Every structure is written in C-alpha cells, then in structure tokens.
Amino acid sequence: MTAVLQVIFDALSLGSLYALGALGIALIFGVMRLVNFAHGDYISFCVFAMLWPSIDAAAIVFAGNLPTVILIPLILAIGAGLSVLSEILIFRRFRNANPATMMIASFALGFVIKNFLLMLFSSRPKSIDLWSNLSLPVEIAGARIPLLQVITIIITIVILLGLTAFLKRTRFGLEMRAAAENFTMARMLGVKANRVIMLAFAISGMLAAAIGLILATQSGTADIQMGVSVMLVAFIATVIGGLGSLPGAVIAGFLIGGASVLMQVILPLDARPFRDAFVYGAVIACLIWRPQGLFAPKSTKQRV
Amino acid sequence: MAKRSSLIARTISTLIILILLLIAIAVVTKLVGSRPFERTVVEMFIRVMLVAGLYIFVGNSGVISFGHIGFMCLGAYAAAWFTIPPAMKGVSLPGLPSFLAHAQLHFLVSAALAGLLAAIFALIVGRIMMRLSGIAASIATFAMLAVINTVYSNWDSVTGGTGSIVGIPFNTGIWTALGGAILVVIIAYLYQISRSGLALRAGRDEATAAAASGIDIVRERLIAFVISAFTIGVAGALYAHFLGVVNPDAFYLGVTFITLSMLVVGGMNSLSGAVLGVIVISTIIQLLRWLEKGIDLGGTTIAIPNGLQEIAIGLVMIVILMFRPSGLTRNRELVWRYWPFGKGSVNGVAVSKTIENVR
Amino acid sequence: MSRVKTLALAAAFGTLIAQTAWADDIVVGFATAESGFMQAYDKPAQDAAMIRIDEINKAGGLLGKQIKVVTADTKTDRAEGAKAGLEVLDKGAELVIVSCDYDFGSPAALAAEAAGKVSFFLCAESIKAGIPGVGPHSFSASVLAAVQGATMAEWAYNKRNARNFYRLLDTWTVYNKGICDGFDWQLPHLKDAKLVGSDTFKNEDASIASQISRIKALPQEPDAIMLCTMMPGAVSAVKQIRAAGIKAPIINGSGMDGSYWLSAVPDLSNFYVPVQGSIYGDDPNPAVNAFNKKYKEVTGGDPSSQYVYPGYVLIDVWAKAVERAKTTDADAVVAELEKMKGEQTLFGPRTFTNEIHHQNTGRYLIVETDKGKPHVIDQWTISEPIPVADLLKQ
C-alpha cells in the first residue's frame, strides 16, 4: 500500500510542475492564440536573476541571499516584468499575424534570452542553496515525501483555485474569459484588449517564476536549459487538455506526469530508457482519439 | 492538357530563377576557393533541401510540422548503415541485421534508399496522424520527433545510442549538395503544380469548400507528407556524408527550429520563400560569424564578442517578422513576367493576375 | 636609393617567409569551443595547455623553435567544428587540439586525420576519442570513463568493504554509460560482490522520486551506490538521494569533481570522486599545488575541476614525443607516443600503444567529501587494465 501511495505522490509532484507550466502557456494561448515558446526561457531567467552575472564556476548569489519574504515577491515580479516587457516590445506587433509567425517570433525571443544568459553566465550550471531544508522528507501515511513536493502540490492547487475564482468572480477575469472566447466581440463590447493581454502575460510570467523557484529549490542548480523540458511537456499538456480550457491544461499536466512516473515504475529495466517514447506514443494516441483535446469546450470541435 | 501546360508556362520562371540562383552561388563559392567557406555553402545547400522539403508539407497544407527533422534522422542513420565499411560496423553496431551489417553501397544509391525509408515510415505514421488538423497535428508531429529521438538515443546496439557513429565516407561536396538542392526544388515545384498539390492548397485555404468540392484532404495531406519525408530523408543522408559522423541530438530541437524559422521568415506559403529564407538567414549568420572572428579594417580589428552572433540572429528574425509578417516574399513567388514568358505589358498584366489566383 | 630599395625588398621578402610559418615556429591549432555550451569545459583545459606551452617556449622552445598558437571557434556546433579544424590546418597547424567531448571534437579531429596530422582531444573520456572513432593519428589526453567506474568499484570493495552495490545510470551521454560499463566489467572480478539493484534516469528529469523509491524498497541499504552521471542533473540527483534519507556511500565518476556545486547540497558526506590531481591544494605531489597557484595567477581563478589537468598533460606528452622523434612529422610523433609506457606526467602516468591511444588504466586520487568539504584521502590504480576488446564491445 505504501508503495502505491509513494507512486501517487511522485506522480502528483511531477504532475504539478507540468500543470503549472501548462497553466502559464494556456493562459496566453487563451487570449492571444499564441504558443509562447519563450516560456521555458522565462523560467531560466527568473532563476538566474538571483545570481550576479559571472562566468566563474561558483555562483555569486546576489539577490538569492535576500530574506524569503522579499525574495519570493521579487522573483515573481521579475517574471511578470519580463513577460509583460516581451508583450509590449514584441508580441504586440504580432497581434494580427498568423500563428506560425507568432510561434517563430516567440521561439526567436526565447533563443535570444537563452544566449544572453549564456553570455553572462557561461554554460556551466551554477549551484544555489535555496531553502534546502525543504527537501527533508515528511512521513504521510507511511510514504516518505519531501516537504518540497507537498508544498508544490499545495501551491498548485491553491493557484488553481485562486485563478478559477479570479476568472469567475472578478471583472478582470470575466474580461479575460470573454477575450479568450471571441476577442473581436469582446473588444466591441468594451473590453480593453491591451489590459487583458498584459494581465494574461503578467500572470503567466509569475507562474514561470514560481516554476523556476521550485525547480531551483528541488535541483539546487541554475542551468540555462532548465526550463526546456518543463515547457515542452506544458505545451503538449495544453493541447491535450483542450485549447482554451485552463482546467483541461492542468489536468493534462497531471496526467502526463502520472504517465511518466508510471512508466518509470512498471517498465522492465531494459525498456526504461525508452520511457519517453511510450509517453509520447500515448500522447499521439490521445490526440487521435480526441483531437480537440480532452476538455475542450464543445464549440471547438471541428464540424468538418 | 492545355491547362497544365499553360500553368507550367506561367510558373516555370520561378523554378528557373531559383535554380539559376543556386548555381550562381555554387560557382561563386568555387571561385573564392576557400575550404571553410565551401563547407558553409554546402551546409546551406543541405538546409535548402530541408526547408524546401518542409515547405512541400507545411506550405501546401498549412499544418506546421515540428517532426520533419525526425525523417532527417532516419535518412542520416540509414546512410550510415548502408555506407560505413562492414569492418567498422561490426565493432560499433553489433545489433544490426546481417544484410545491413555487410552492406556497403554507393552513396547515391544509399541516399535514395534513405529517402525511401523515410517515406515508408511517413506513410505508416501519416495514415494515423493526417486526419488531425491545426495545432493537434503539430503536436502529434512533435511527439513523433520525440519518439524517434528517444529510440535512436537508446537503442545502442543498432544506432550507437547517444554516441556519434563514425566512418561515413565524405561524399558531399559542393556539386553534390547543389544537385541535391536543385532536385528538391524541382520536386517541390512539380508537386505544387500537380493536381494533388493544388487540391491540398485549396484545402488549406478553405477547408469546408474544398471538402464540399470532393477533395479528400486527408489523402492529399498524406501524399505531401510522404513526398516531403522522402526529400528530407535524402537531405539527411547527404548531411551524414558531409559531416562524417551522426548523432541523434543533431536531429532534434535545434535544427527543427532553425529550419522552421527559415521557412517562416522567408515566406511559409511559397517555394521562393523557402529558398530565399535559407539564403538570407544563412548569409546573415555567416556575416555575423565573420564579425565575431574579427575583420581587419586598415590596421584595426573590429570584432563583436563571441556569442553575440546567436543573439543578433534572433533579433534580426524578430525584426524581419515584425515588418513582413508573412515573410520576406509575402507569400508570392519570384516571377519573371517578360520575354519569353509573357508577350509585353498588356498580356503581362493578365498573366500576373492569373498567377495570383493560382496561389 | 637602390640600397634602400634592396633593404625594403629584403624586409618584405623576409616578412613573407615568416608569415608562411615554415621558418621558426611550430604551429599548434586549437579547434575548440569559445562560445556555446562546450566553452565552459574547453576553456579551462585550454588555459592549462597554454600554461605548458608558455613554459616550453620560455625554456627555449621545442626543437629550438617557438610554439605558435592559432585558434578557431567551433561554437559548440558540429559542422562549425569541422570548419574550425580546416581553418587551423590551413594556418599550418602540426597538432590539432579538439574539444573535450568526442561528439563535438570529432569533426575537427576527422579533418586533421584526413590531412594526416596528429589530433588530440582535450579531455574526452570515450574510447572512441582515438583510433576507433577517428583514426591512427588521434589521441586523448585524459583517462577513460570506464576506468573511473572500475576504480571506484574496486576501491570501495577493498577500502570500504562494500559488497552490495546499487547502480544508477543517467542515460544522457556516452560518458555516463562509460563509467557504468567500467563498473560492470569490474564487479564480476570482485569476489562476493553483488549487484542488488539497477535503475536509470535522464539527466533532465526534474524528479527521480521513483528511482529513489526503488532504492528505499530494498531490504537494507546498499553498501555503495554507483552513480554514473554528470552535471547539471547530477546535483539534483544527489540532493534528492540524500534528502530521502539514504545515507549509503555514493561513488562517482570524475565528472562530479569540483566544489563549486557543493553549496547546493549542504553538509554532503560519504561521497567519493576519483581525480587525476587535486584542485583543493592537498595533492600529495607539491608540484600539482604549485601548478594550481600558477593557474590562478594566469587565469584569475582556481581550477574549477580536475578537467583542467588533461590540457597540461596533452602538451607535455606531445612535446616529449616531438623531442624524441626530432621532428613534428605526424607518423614519427605517433610512433614515439606509442612507445610511452607509464610515462610520468604531473598528473599520473600515461601509456599509449598501437592498439589504444587512450588510458585504460590510471592512478586516481580518491577525494572524499565529508560535511561539505572535499579532501584527498587515498590513491588507487585498478589491479588490471581494462582490455581493449571489452572497451570496444561497449
């Protein structure tokens, strides 16, 4: 029983990381139909923001030394700031472009950010000691799970509930949902496009910062590639969950995390390195079965 | 058929312009006579093959495929299996079936077989995936790439795993690469004026109307998918003969994004866009690299810091897309409307209008 | 007037000859990464190589000539790597030094091989970095990854009485697989040693919770965990293992050397790494500590890991071979290198044969990290070299 519980916790914690990522991508996709490939690089940027630029092997921790109560809002603000800045400077001009152009522009932006970090910090990963006491395990019903994982799961649920409340109960949320459904109509009804989009980007940036903080605490390193794998899975989760559906993206994130952990556990040793092949195969199967996504609103199902 | 030949007559100028452009670049390179520069141009020609092959599917169907570089991987490894001397294969790839372990074919034959292997794989996978549209299709192709990458990175006895395999003969010189690029451009052109290509483009522009007119979009997509897989497979084989080593990680996200970027920046829906996108971006990258190495101007060396080239090319692409969102060619083809392809300005005007309608 | 003209002509002709570099220089070419992600690994070894070149030049040069260095940036790109190799060859390089990693160094090394010149990998630890993967004129300056795995297994068996081993492999690179291959080869040679379990993970995995659960599920903790991995994912793996309460000794490959990452796993203990020389100032050979000081003077920072040292060894053995062969001709130099058996260098003996241009055995210092502080505690050489046939099979 404890083994099963252990697997469930492992799956939940990996899944929550993917779910947070999927949420960040789904938000922007919802209002702008833009897949933001730079999201992974926002994550890395937020982590490196804690260090002073240096190509030495040892990290010079700068902002990372600030007390927690200042550090968290600071990093969240940096994430939101970077995201909004990229909106104002770049994505705003692509509002009416076709999806391919927006995708390539976001990819180019990510590429620029990554190489900028590479120039400042060199490719050697830097280690940071961030709240390492959070990695100590906690016993829950016989299964041992690091405190950090529990916190990650709780934070994800809190964020999800908070966002849902925001979207359903506040005016801004209402505007965002309207814009996600039909942008032109929403503008005609008085929704200020720029405000809604900037808000979406800001929240997405904060989510990226949160993921960055979690990854940094969990792995203890700052590496320019750290956001890539989360972002790829987040992108897939958004599509599988159903484009335009935020809960769908989150659930799909958990599902992929669960599938990955399950594969790691049940596959025989020889097949284990091929774990990802099985997970992606399952993704293709899922798409064939329901191309519009698992939780897509009925209106998006293709009629032809 | 009168209609087909007049279509050819109206559009052949594009093909000729592109081919002449590629030949001109090759000739200039040979005249310059520097070995490293020649290698840069060979790499560019192989990119032309990749991007034009990508265009066959992406440009005509409107579906952005993230997975085509998987075909490059298949083609490159197939070329490796067919052309590495059997003695070396026995040591580094013990798991190969005996017909492969003892094979040593001529590199052109092996390149054709490599393309064929990629095409057959595309046929099997495409039968399942081509009914998807839009972003679901894009994700499915990405998943396909990830599966290929995982399998090739871990099937050590057959592919050498994440280590590079060596021993591939160096056969891709500038004329081979030029030939490959011209071949793919011709295939892309023939496809786009064929019945299937036109039908697919109709499906891209107006899916409902096309379906109502009796076009089987899934079938047309599959045809484009297979043809583009063939060309990219051949490109992969030539790339293996260029570098001499293959490694699965050379056929993953980096190349995927650079080829897609070149296609979109050039103009996703036109063949000229595909070719021009490669030429323009490769030129800018090379100029930036020379700046990084330092240029001597009357005694002082002007150099930009190492690593700035990547940042600069990213910014350049964003700027190009800002001002030309549909790409450099604005989705039109390069045409030559004067003699001998049109009889003067009056007919020239009528001719150009019909060309727009065919787009 | 005509005298001035003759003098000017002579001067011009002289500069022309000097520029063709036949005259008084031996050219050594570095086709390595000056940008991109390999730069962090190539540059330190390159700096060490440059230190040796300076020493040789100050002592009168090689065969009476000064060593001139030319460089070309591979930009951590394979195609660019091949071009970089061609560029340094065009500038007259007699020796082409390529990137630290076989995958990224091989294009330039293949170019050198095609031109019939000697190529040397800065610190590649794959068996392919040499004859099997490039050709008969190619060498590597470091020690095979397999030796690291075998050394740690034998040392733990003999000095820590380890009998039950657990093997955790990161499938990301050939280097990692090499360490575990050496471990696999060594284990059957150790009487009563058993493999109680084995698992794999990917370097980029955010969490290795299921792999850890498997270790915890064993009836008792293994006597040693062989961790075959490298940066950056290694830090996260070690952190998670210790955080789960697993206190067993962890044995590693040299890729884990360095104190720059220890702040991420505070108070790490029972952690063992094999190194060719100690960067911590406590090497039993005082000349190594002197080298560390010199390195700091020249580059402004302490050596970040033991991968600085093979750069120095590279120039050292090559220069010795050139002196003995009395020429820089590739075949003659290769013949001299292949005669080296147990050739003493600052960082351990080096042996090359016509079968293998790499080290399939080596003297390693064992560094233990105790409460977050690494120091040398022992020295070990495996009791028999790993046979070439076994290395090639893997």
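When the chains are written out, they are named A, B and C in that same order, and each has its own residue count from 1.
Everything below uses one rule, namely that a contact is a pair of C-beta atoms (placed from the backbone, for glycine too) under 8 Å apart; a residue touches a chain by one contact, two chains touch by 3 or more.
This is a predicted model, so every value here is computed, not measured.
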- Query: Quick one: do these chains touch in a line, a ring, a star, all-to-all (complete), or other?
  - Reply: complete
- B-C or A-C: which has the larger count of contacting C-beta pairs? A-C
- Message: Can you compute the centre-to-centre distance for chain A and chain B, using the mean CA position of each chain? Integer Å is fine.
- Response: 32
- When the C-alpha atoms of chain A and chain C are each averaged to a single point, how far apart are the two points in Å? 37
- Note on the structure: Residues in chain B with touches to at least two other chains are numbered 153-154, 307, 310
- Where chain A touches two or more other chains simultaneously, the residues are 118, 228, 273, 276
- Please list all residues of chain C that touch 2 or more other chains. 35-36, 39, 171
- Message: Can you tell me which positions in chain A touch chain B when the two form their complex?
- Response: 35, 90, 93-94, 96-101, 103-105, 107-109, 111-112, 115-116, 118-119, 228, 232, 235-236, 239-240, 243, 273-277, 280-281, 283-284, 287-288, 291-293, 302, 304
- Residue set of chain A touching chain C in the complex reads 3, 6-7, 9-10, 13-14, 17, 55-59, 118, 122-129, 132, 135-137, 144-146, 149, 215, 218-221, 223-226, 228-230, 261, 264-265, 269, 272-273, 276
- What part of chain B is in contact with chain C in the complex they form? 35-36, 39-40, 43, 91-92, 94, 153-154, 156, 161-164, 166, 170, 242-245, 247, 249-250, 289, 292-293, 306-307, 309-310
- Task: Note which residues of chain B are touching chain A in the complex, please.
- Result: 64, 128-129, 131-133, 135-136, 139-140, 142-144, 146-147, 150-151, 153-154, 207-208, 211, 253, 257, 260-261, 264-265, 268, 305, 307-308, 310-311, 314-315, 317-318, 321-322, 325-327
- In the complex, chain C residues that touch chain B: 34-36, 39, 73, 75, 78-79, 82-83, 86-87, 90, 102-103, 106-107, 110, 114, 126, 128, 132-134, 171-174, 177, 392-393
